[in-house]
Amino acid sequence: MRQYPIDYGLVLSAVLFAIGMAGVFVRRNVIFVLLCIEIMLNAAGLAFVLGGARWGQADGQVMFIFILAMAAAEVSVGLALIMRMFHRFKSLDTNEIARMKG
Amino acid sequence: MFPVFYVAGLVALVSTVMVVTRRNPIHALLYFILSLVAVAVIFLDAGAPFVAALEVIIYAGAIMVLFIFVVMLLNPGVALVIRAREWIGPAILSLLLTLGIVYSVVGSTIKTMGISATTPKDIAMALFGPYLLGVELASLLLLAGLVAAYHLGRRIEREAPARGASLQPGAPVGSGAPSSRKEGA
Amino acid sequence: MSSEQILALLPILVTSAASVVVMLLVALKRSHGLVFGVTVGSLLVALAAIGSSVSVMPQAVSSLLIMDRFALLYIGLILAATLAVALLSYAYLESRAERREEYYILLLLAAAGSEVLAAAGSYVSFFLGLEILSISLYGLVAYRRQTPLGIEAGVKYLILAGASSGFILFGMALIYAEQGSLQFAALAAAKGSSFDVVSLVGFALIVVGVGFKLAVVPFHLWTPDVYQGAPAPVTAFVATVSKGAMFALLLRYFIQLDLYQYGAVVLVFGIIAALSILAGNILGLLQNNVKRMLAYSSIAHVGYLLVALLASGPLAVSSVTFYLIAYFITNLGAFGVVGYLSSGEREAEEIDDYRGLAWRRPWVAGALTASLLSLAGIPLTAGFIGKFFIIAAGAGSRLWALLIILVVGSVVSFFYYFRLVLAIFREPDAGAQVPYPSASLAGGIALSVLTLLLVWLGVYPAPLVNLLGGMTSGLL
Amino acid sequence: MELLWLVPALPLLGFALLTLARRLVRGVAALIGVGSIGLSMLVTLWIAYSFLVSPPQSGAASDTVWSWIALGDFRVSVAFYLDSFSLVMILVITIVGFFIHLYSAGYMEGDDGFARFFAYMNLFTASMLILVLADNLLLLLVGWEGVGLCSYLLIGFWYRDPANARAAVKAFVVTRTGDAAMLVGFLLLFTSLGTLNIQDLLSKAVSQWPSGSGIAIAAAALILAGALGKSAQLPLQTWLPDAMAGPTPVSALIHAATMVTAGVYLVARTHAIFALAPPVQLAVGIIGVATLLIAGFSAITQRDIKRVLAYSTMSQIGYMFLALGVGAWGAALFHFVTHAFFKSLLFLAAGSVILAMHHEQDLLKMGGLWKRAPVAFWTFLVGALAMAAVPPLISGFSSKDWILSWVWSSPAGGPVLYVLALLGVLLTATYTARLVTLAFFGRERDVPEHVHPGGALIAVPLIVLAVPALFLGLIQTPRSLGGVNLFASFVQGVLPEPGAEGPPSTELLLMAVSTLVALAGLVLGWALGVSQARAHLARREAEPAGSPLHRFLLSGWGFDWLYDRAIVGPYRWLARINQSDVADWIARGFAALSRLLNRLLSLAQTGRLRWYATALGIGAVAIVAMVVFL
């Protein structure tokens, strides 16, 4: 039995998650923000698959498939909304959509 | 010593950083596809070939393509010609990744890795056994995505018809995409 | 799946089937009245189905859903609230140049997702229920897709909810990688005396996501913007059903894993509760937009609920649930009035829109005033009894600091609630009269039932309290 | 006692009828509004009669109407409790309340909101009755909040003027501040003693808590905070003068029979707890005397007739608190009773004066009204003499003297408090005399041609109320003046006396001193009134200067100058300091702090998605850090 570096894998997924999270904070282009959320979701999926591998279960991969479904649904709604936003505001900058505040 | 994980991990890391830091969305998307492939390699290495395939087919192959599609639609001015020096980064990373894959394929097989691989059959048994209800719920999830994307993406009629407006053909985005996701899931 | 399990799942099944039926109806013929009728009818059937589910509970359906008394109680609450939202939506949508039918599909799906959350017994169903709810809400929040505010609210909600889902998922993944099981019950059995660090971090990340959905400080910033931009009935739904479902899950999770014994967790929730009460009430203080004001008030009210959650003991579950019911009724009433008075082209959201309401629409003004008094916790309203239970539960657990903050926050909140009440009873301006839409039967029925319930619970809460005592005892 | 529930139920029914039937003929509305209180008064009288004829065995009776909340062992009923104390309270509330209602029927005659007014008034009275009859803390709280709500509705009754609305909100918010603390106090009692029933609570507290223990002090202090808010005592007194915005009968009701006396009732009702907390009890006395003095100084300088009366209420309630502080529970209650009669009389007579003046409330514009509005004058005079505590018949004298003698002789009292209270007597007499002088004597300054002080509906309640204001003192007199002890012996069982009385000679001496002080105050006030009236006239007419002697005589032998320097100056100075309401700063500070925090927190609501996401991340990091490192 080889010692598969599960811990490093989790660390990797955490770093990927953090990069995505930083992207959500930093980027103003809403397409990039959506992309960064995908990075976060993907990192979570990675962690699930590695967790499943650690315990020798299929559950982690099943969860990954559900995440995939959710990502697909979210992206399709998100992109539709982004199209709407672009048509209305002629911009993809999230700072442009700040009419409501206070 | 099985460096596949490290090589693929490094590629995933670097390409993800590149995704977040690019100016051009197309470049970012290409890097992200690379990152997804690298993660798929990790899956393969960790004894999860089925999800590795899904990662490439659905995530990289469908979702990212949807992104590219929208970027193209919204931003026709984006430089579609990618200059030579912009090839360098992805090329090096891809090369590394390929080396890793080759090494892992040559050096070992999944079985000798010592990690019990989860076969597609195991996953299918789980999905349609204990998680059957989850699959049903996922279908509701996709239905919600479908309806929401349809409503939001539909073209806005200029004359603001009050009731019973006919369905406009040629909705720009959304109506086609989620159903293809559904098959994939 | 055995027939008992199907029977137990009946409310959820009916709700999800209804969404498909509505979709098929839309494919055949677009008719707002028909779709509305089917929606209301199926919600009533689903409510009735709870009666048959009671006979077979408690029932674990696979590992995902646990249909016990607690779940059925919250499912009933969710269905009733969705019904009220549907009734309030009809006139609102009718006066709008927008497709109406998709709204009901999304509403039913959101309700189904909430029901799954209320019955979730594992991270898988937690996640799936949450996402069904969230994705339906993206569509609902941005339903006014032609208005800048609708789009703005939709994008904000989508991005932030997506990010918070990421947090929840990563937290679940960490816990799974560490514990090897996705079920709450298995975790509770395995954790022994304490959690390891990885699980704790995972748990903290889940708290972030849950906190986002509950709109507590510091995850509350989106609340006023989304409440303002969303159609008023959707705002009512977000404020009540979406939060209530999440709270049901939190309550089950908290009690099943007995998180009370972890000082750090209790401290985190205590700080969140205190900050939410203070920030919510202070932010509402000078707000001229009624929807935003109610948004801030809802932040504070979730803070009150958390106080009750932290006050473990025999009163806690009952008091949380009672307060939640009072909160549902009250907020549905308040947002319902906002929706009821919003016409095709504009939302009645500025405080000036309510000036002199008592003279122009005395009954609606009465309903809104009752709701505001209940929010303020004045006696003879449901809000008072609810707050009383919370304070009693908190005092029983000696959470003095939180109680003092709760009381201070309540004092601050009187100012803005009564500001609105004052506006309602002011003489209307002769010149600038805001046009209100014509009265609608469905909305009127919903508002009157809500107001009656509000007063009834305030005057004679004993039957409900007894019921709750029986319903929630299964969890302890 | 089976009829007890009818006492609050009848006004409540009146409220319901008046609210539901919105378009009533004026006469019917008045009939319902006044009749419900009248019936309630009759029931109360019947109950009082049977209570006196056949007192219940334990000295108290309780009547459970229905069970409100039942949760395990925890049970709250709608139950009423009657002992001699609450009997006195409901007698005063219903009798005074009835006459105020009767008067209102005349006073509010032309008003658009006639039925609405009576609805609120009925609800107000019903809430107060519930408050004093409540058997448990929760029901008491319902009455308490109802009183608060009705005061809000009635002060803002003429809501078209934003100033009135502001006053209503101020009254509500300031009293709520105290209520919040009181609620915590109630919870403390509930959690540590395990019951909400007031009588059980008190007996348990006495048996379980040692005197001076921390928990007793905390509970008493928190309850006191609530009482301070409702009774307009320092530092929560600021709402009361502004509450004059409501119609005059409302002021009468708030000041005489309901609202402000709720705090006195609460402290007296829970006196067992206060007795266990000597520091808090001392604080009650000090707050009482401080309010007494500060309000007295303020009253001297006011020009608005109703504001003078408002400040006088604060200072009279200060007497009651002083009595509570020295443990003279019975004396406090007795002062409440006499005060209820003479203060309602004063307010209603003032209302008649205001009617006569065509809604002018400025004292400096009145003058000489004694022959223009004789009923108002004579009744006002009776009330004023009662308030100024001039012996011997006048009711205020007996009650105030009783309080003063206890302040001197009670173990909790002492010479310092006594001297301060005596200063209060001086102030009271001064502002009362000034008020009467300015309003009724001297030359008519800006009195309208035609004066309508009101018809029979206004005159009758005034005359009827003047009788108890005159003679009520007879049921409890000092030993040197007959030593009638009816009242004390009636409430003895519930409200014990603080100790043994001093020797009669001391009592006589004290009485003489206070009488002299009161008389001195009267003279002072008269002089002040005359000089101010003259100054006002002088300013208005700018009379040509005559010979120095003439000017000297005109200016009243130079007394003006003297008074100005020696008395008015310091008075003015004190009043000026207080007119901007020093204690208001606390309330204003709280509001300003809230505003500031609101601005700060609103800065976070930038509307920018990026910042919202960042906040999510900051929260995540904070929570992870807390969970991991704690």
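As written, the chain order gives the labels A, B, C and D, with residue 1 at the start of each chain.
By definition in this document, a residue touches a chain if its C-beta (ideal position, glycine included) is under 8 Å from a C-beta of that chain, and two chains touch if they have at least 3 such contacts.
From a predicted model like this one, the values you see are computed outputs, not experimental measurements.
**Q** So, comparing C-alpha centroids, which chain is the farthest one from subunit C?
**A** The chain farthest from subunit C, judged by C-alpha centres, is D.
**Q** Write out the two chains that share the greatest number of C-beta pairs in contact.
**A** A-B
**Q** If you average the Cα atoms of each chain, whose average lands nearest the overall Cα average?
**A** Closest to the centre of all protein C-alpha atoms: chain C.
**Q** Could you give the separation in Å between the centres of subunit A and subunit D, each centre being the mean of its C-alpha atoms?
**A** Averaging C-alpha atoms per chain gives centres 65 Å apart.
**Q** What is the distance in Å between the mean C-alpha positions of subunit A and subunit B?
**A** 11
**Q** Suppose each chain is reduced to the average of its Cα coordinates; what separation in Å results between subunit A and subunit C?
**A** About 26 Å, centre to centre.
**Q** What whole-number Å value describes the gap between the mean CA coordinates of subunit B and subunit D?
**A** 74
**Q** For subunit A, jot down the residues that touch at least 2 other chains.
**A** Residues 20-21, 24, 26-27, 30, 33-34, 45, 50, 52, 57, 59, 62, 66, 70, 73-74, 77, 81-82, 84, 94, 97-102 of subunit A touch two or more partner chains.
**Q** What positions in subunit D touch 2 or more of the other chains?
**A** Subunit D, residues with two or more chain partners: 602, 605, 607, 609, 613.
**Q** Which positions in subunit C touch two or more other chains at once?
**A** If we look for residues of subunit C contacting two or more partner chains, we find 124, 128, 131, 135, 138-139, 142, 145, 154-156, 159, 163, 167, 224-225.
**Q** Touch graph across the chains, line, ring, star, complete or other?
**A** Graph shape here is other: it fits none of the named patterns.
**Q** Considering only the defined contacts, which subunit C positions touch subunit A in the complex?
**A** Listed in rising order, the residues of subunit C that touch subunit A are 123-124, 127-128, 131, 135, 138-139, 142, 145, 148-149, 151-156, 158-159, 162-163, 165-167, 169-170, 172-174, 176-178, 180, 182, 198, 224-225, 228-229, 287, 292.
**Q** Residues of subunit B touching subunit C in their complex?
**A** So the residues of subunit B in touch with subunit C come to 130-134, 137-138, 140-141, 143-145, 147-152, 154, 156, 160-165.
**Q** Spell out the residues on subunit C that touch subunit B in their complex, using ranges where they run on.
**A** Of all residues in subunit C, those touching subunit B are 1, 16, 19-20, 23, 30, 32, 61-65, 97, 99, 102, 105-106, 109-110, 112-113, 116, 124-125, 128-129, 131-132, 135-136, 138-140, 142-143, 145-146, 154.
**Q** Quick check: in the complex, which residue numbers of subunit A touch subunit D?
**A** 21, 24-28, 30, 33, 94-95, 97-102
**Q** Touching residues of subunit D toward subunit C in the complex: what are they?
**A** Subunit D reaches subunit C through residues 67-72, 74, 138, 141-142, 145-146, 149, 152, 156, 159-160, 165, 169, 172-173, 176-177, 180-181, 183-184, 187-188, 190-191, 594-595, 597-598, 601-602, 604-605, 607, 609, 611-613, 615-616, 618-620, 622-624, 626-628, 630.
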